[in-house]
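The following pair of complexes shares a single chain, subunit A, combined with subunit B in the former and subunit C in the latter.
== the complex of A and B ==
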């Protein structure tokens, strides 16, 4: 039966299209995720969120197949419980979509596996998360398909799922858009979620359809009854477990032995970010070359490595006693690292007015912006401009652009001389 | 032709023969949903922004469903037999589709104008026009019952690749500002494709093929 449904299911047309779409989502974007296991698995999980609407629609569509082809009478005559007649349709839709998602996970894993960095254990959580999204959407689609059982069922299931999933997704972390190394997916929580999705799917199968197919009687109905009761019990229990477990995205514990670069100035990374070590080493060397008159931190850690000062994703700088300051390595951007470190160096050298109600002049503040922008560009090296956008005022943006340009002109000694002069000019400027 | 007074009109027969009433109920529910949940901001994954997310207001998703409902109602219970229908029946089908579509567009725009702003109302109207074209094309290619498949497959593409660092890309016809040349041009082109797809029924396609064959047979001088 499964073989027949597999060959006849309209979802078979989806397989090549879905695979092409998923691989496009994976590769036709920034490829910073290659070489970092959690980012790889999280990137391969994104197509699941995007395709889940179609999965819900396909599930609702396949429920209606029996009535659409006028096979209700024939299927009713089958000497098997109703849930056994529906199961192949559900398994095939789930199988096609899960197949695409697994293909996506494997394709994403190949380039990362070539270097095999540490942290493979962080990947399975994202893969299970993707599967849970697909199975949940199929369960939702099947349920809607059964309750509406009309021409609009598939469309309503598809869009309805997208709306509900995206709305709930924000609160429950149904899916994620990236897998930063400072977070981890709690495997038992996502497995419980997947099991809940399977139980909901079973319940969707057990619910009687809103058609004339309700006339099953006698021993055949008994089969459906115990199946339905088991599915209902499992759904309720697993719903409780899933709700109690909460979001599967957890902050990781600080690691005992981080990967550090530099001698006098240490920049420390999560071990999973070892692919960035050469760039971080180069940055540490540039900090060490700065003149002694510029104060620099002794150690800067990657976000979350030794302590977690703020909510995930927030990387503003706060000084905490007994802890090194931190930088954020967001989506592989060295500019993100440089912005954080330039902020730290800036706050060590550029001193704002301490007396309440007094400020430096606008011209002096623009000089400070130019100074920080110079440090950023100097730390990144090369000749390109920042890879981020700001909505700062025109004057501030111009000052920052001057600072970046300065890092690409003249010798290092000339730049250092300018930096020291600028630092003194700002610090000795009067507060008004 | 005179009709007996108790005989239902062709329009009433037509509407009863397909899911127009169910479609109207769906449209009505969606129209109520728009002001209720339309402002909800949904975070979706994208390839174009720094943090990998784009915020999509819910009205953009609900508007898609309002746009493909009319095309779904073209689904005929007569199947392929309907291809052989006469001029009057075809005209009736076109009139119902046009009235349903234009009515939905006006209703949707008016609701968004009252509930949100004129900017959003104009952008929603443009989105409706584009989605309508895609749904009719999808209906013609895959069968009217699958009119939703085209929009539902296009939606993830627009969401994932449609945003850049400086806002929606020129071809993101659902999210560009109200007065935006390229977005309007694309939406109008999609509408034209939809109208063309609707016009290209089996009969006309057959006639076109026959005409092309005749042209091929004319010897070159």
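== the complex of A and C ==
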């Protein structure tokens, strides 16, 4: 029977379209995730969130088909229990959508697997998370399709699910937009979520539809009652477990042996970020080439590697007592790394004031901005402008542009001479 | 030989009794269920089809009594085609009939053969791969009959199956039904000539009670009222209903 439903389900049209859409979202949005397992799995999980509304609508449409086609009466007289009759339709919708998500996961995994970086174990959590979103949306759609059973069931289910996903998405991390290496998905939590979704789907199947003629009395079927009771109990228990577990996104424990670049200045990465090692090595070499008179840190760690502030995702960090300072490597951006390290180097060299904005005169503050911008641009090799935007004032932006331009122009010796002169100038500038 | 036994069956919707203390036994063959509108024909068919449990009484199919625990077993022996049956337009004719066989619990090993046999009986073998939405009205009706007869159920219940068919299609339908005489075929209709043409026996239901059970010829003999243009069986039927109405008035 599943074969017939597979061949005749309207959801079959979705398979090529959904796959094309998902692969487009995956490969055309960005590709920084290639070569980093958790980022790969997280990127492949994003289409699940986008398609879940459609999955809910398809499930509602599918379950309402019996009523829509006027087959309710003739099916009331058959031996197969209602839940058994609904099962092929539910499995097919779930199968089509999870198939697309699995295709997405496999397609994303192929380019990453070519280099096989460390951290494959961080990937399954995101894949399970994606599955849970799809099964949850199908369960929701199935419920709506049974309660409304009308032509609008699909629209209500699709839009309703998107609203719920928006709300729950923030509360429970239904999905993530990125899989940074300093986070991990707690596998038992997402498995519990997936099981909850399956239990909810079973409950949705067990619940009688609202299309019964009110004059009808039904036969009491022991099996159906037990099935419904078991599904309800499992749903309630697993809901409790899922809510108690909260967000499955957890901070990773620091690793014992990070991947480090540099000799006198060490820049250390999470091992999973080994694909960035050449760029980080180049950056470490640039730091080592700086004149000795410019103070630099002995070691800078990637975010979360040895220390993690209470505010996750924060990238503008200066030194913290008893910990190496750290940088954020966000979505593969070396500029993000340079911003963090420039902050650290700037704070060591802008003395006695500490950073732009702490000088008494505007001219000194602007010079500090220029100095810091120069360090950033120098660290990334001075090849292009930063890939971020600022809403700072025109004077500040001009000062930053001058700093970036300075890294493009002139020899290294000329740049270093300017940097040393500027550092000296800071020593005599009054602070606020 | 298949047997349907109905004993003291009462059916009601709320406080309204629709069938009251009905008893009869039917063997293999075609049995027409006649009655005016509101007589309780559809309610009786739905009760026999296990769509609604009876308020009281016993229904036995091949000596298996219809109860909660035997429900599935009984349902496997029933083929039911309601008056306004539905189709899945995306399915082919063969898939539609296969769906019925699967839902009715025909064993997997026998299902394909059962579908082939049913399609052969309704002369739709050549159309088996055509989608339901592309069928003519007559073919849809024959597909519906295939839905009801697939797997050779002991009891076949057809509610007004000839409504909307043209004369040629009705003749075809009669031929198809005539091939099902190994089962107990209960054919609810308000068209007495259908009953006259194919039924081995007739039950006349009026106001929830059985007014007559016998052969079409016996029903025709009851005709006492003169009615221009009426066939003998129509005269018998109208006389019976008129007598019942008079008795109620007195």
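Here is the rule we go by: the second predicted complex is superposed on the first by the 411 of 432 C-alpha atoms of A that agree within 3 Å, B and C clash if a C-alpha of one lies under 4 Å from a C-alpha of the other, contacts with A are read in each partner's own complex, and residues count from 1 in each chain.
Going forward, a residue touches a chain if its C-beta (ideal position, glycine included) is under 8 Å from a C-beta of that chain, and two chains touch if they have at least 3 such contacts.
A quick note: this is a predicted structure, and the numbers were derived from the prediction, not measured.
Asker: After aligning the two structures on subunit A, examine subunit B and subunit C and state clash or fit.
Answerer: Subunit B/subunit C on subunit A - fit side by side.
Asker: So, A:25: does it touch subunit B (first), subunit C (second), both, or neither?
Answerer: A:25 sits against subunit B, while subunit C stays out of touch.
Asker: In the combined three-chain arrangement, what's the angle at subunit A toward subunit B and subunit C (CA centres, steps of 10°)?
Answerer: In the superposed model, the angle at subunit A is 50 degrees.
Asker: Name the contact category of A:113: first (subunit B only), second (subunit C only), both, or neither.
Answerer: neither
Asker: For A:425, using the defined touch cut-off, is the partner it touches subunit B, subunit C, both, or neither? Pick first, second, both or neither.
Answerer: neither
Asker: For A:163, is the partner it touches subunit B (first), subunit C (second), both, or none of the two (neither)?
Answerer: First partner only, subunit B.
Asker: So, A:178: does it touch subunit B (first), subunit C (second), both, or neither?
Answerer: In the superposed model, A:178 contacts subunit B only, not subunit C.
Asker: A:80 contacts which: subunit B (first), subunit C (second), both, neither?
Answerer: Second partner only, subunit C.
Asker: A:57 in the overlay: touching subunit B, subunit C, both, or neither? Say first, second, both or neither.
Answerer: In the superposed model, A:57 contacts subunit B only, not subunit C.
Asker: Nearest CA pair across subunit B and subunit C in the overlay: distance in Å?
Answerer: Superposed on chain A, the two chains' closest C-alpha atoms are separated by 11 Å.
Asker: So in the complex, the part of subunit B that touches subunit A is made up of which residues?
Answerer: For subunit B paired with subunit A, touching residues are 19, 22-23, 26, 37, 40, 42-45, 47, 50-53, 56, 58, 61-62, 64-65, 68-69, 72, 75, 145, 147-149, 152-153, 155-157, 159-161, 165-166.
Asker: Give the list of subunit A residues in touch with subunit C in this complex.
Answerer: Subunit A residues touching subunit C: 1, 4, 7-10, 65-66, 69-81, 85, 215-222.
Asker: Residues of subunit C touching subunit A in their complex?
Answerer: 13-14, 49-53, 68-69, 71-73, 75-76, 78, 80-82, 84-91, 95, 98-100, 102-105, 147, 157
Asker: Considering only the defined contacts, which subunit A positions touch subunit B in the complex?
Answerer: Touching subunit B: residues 17, 21, 25, 28-30, 46, 49-51, 53-54, 57, 68, 150-152, 154-156, 158-159, 162-163, 166-167, 169-170, 175, 177-178, 313, 330-331, 388-389 of subunit A.
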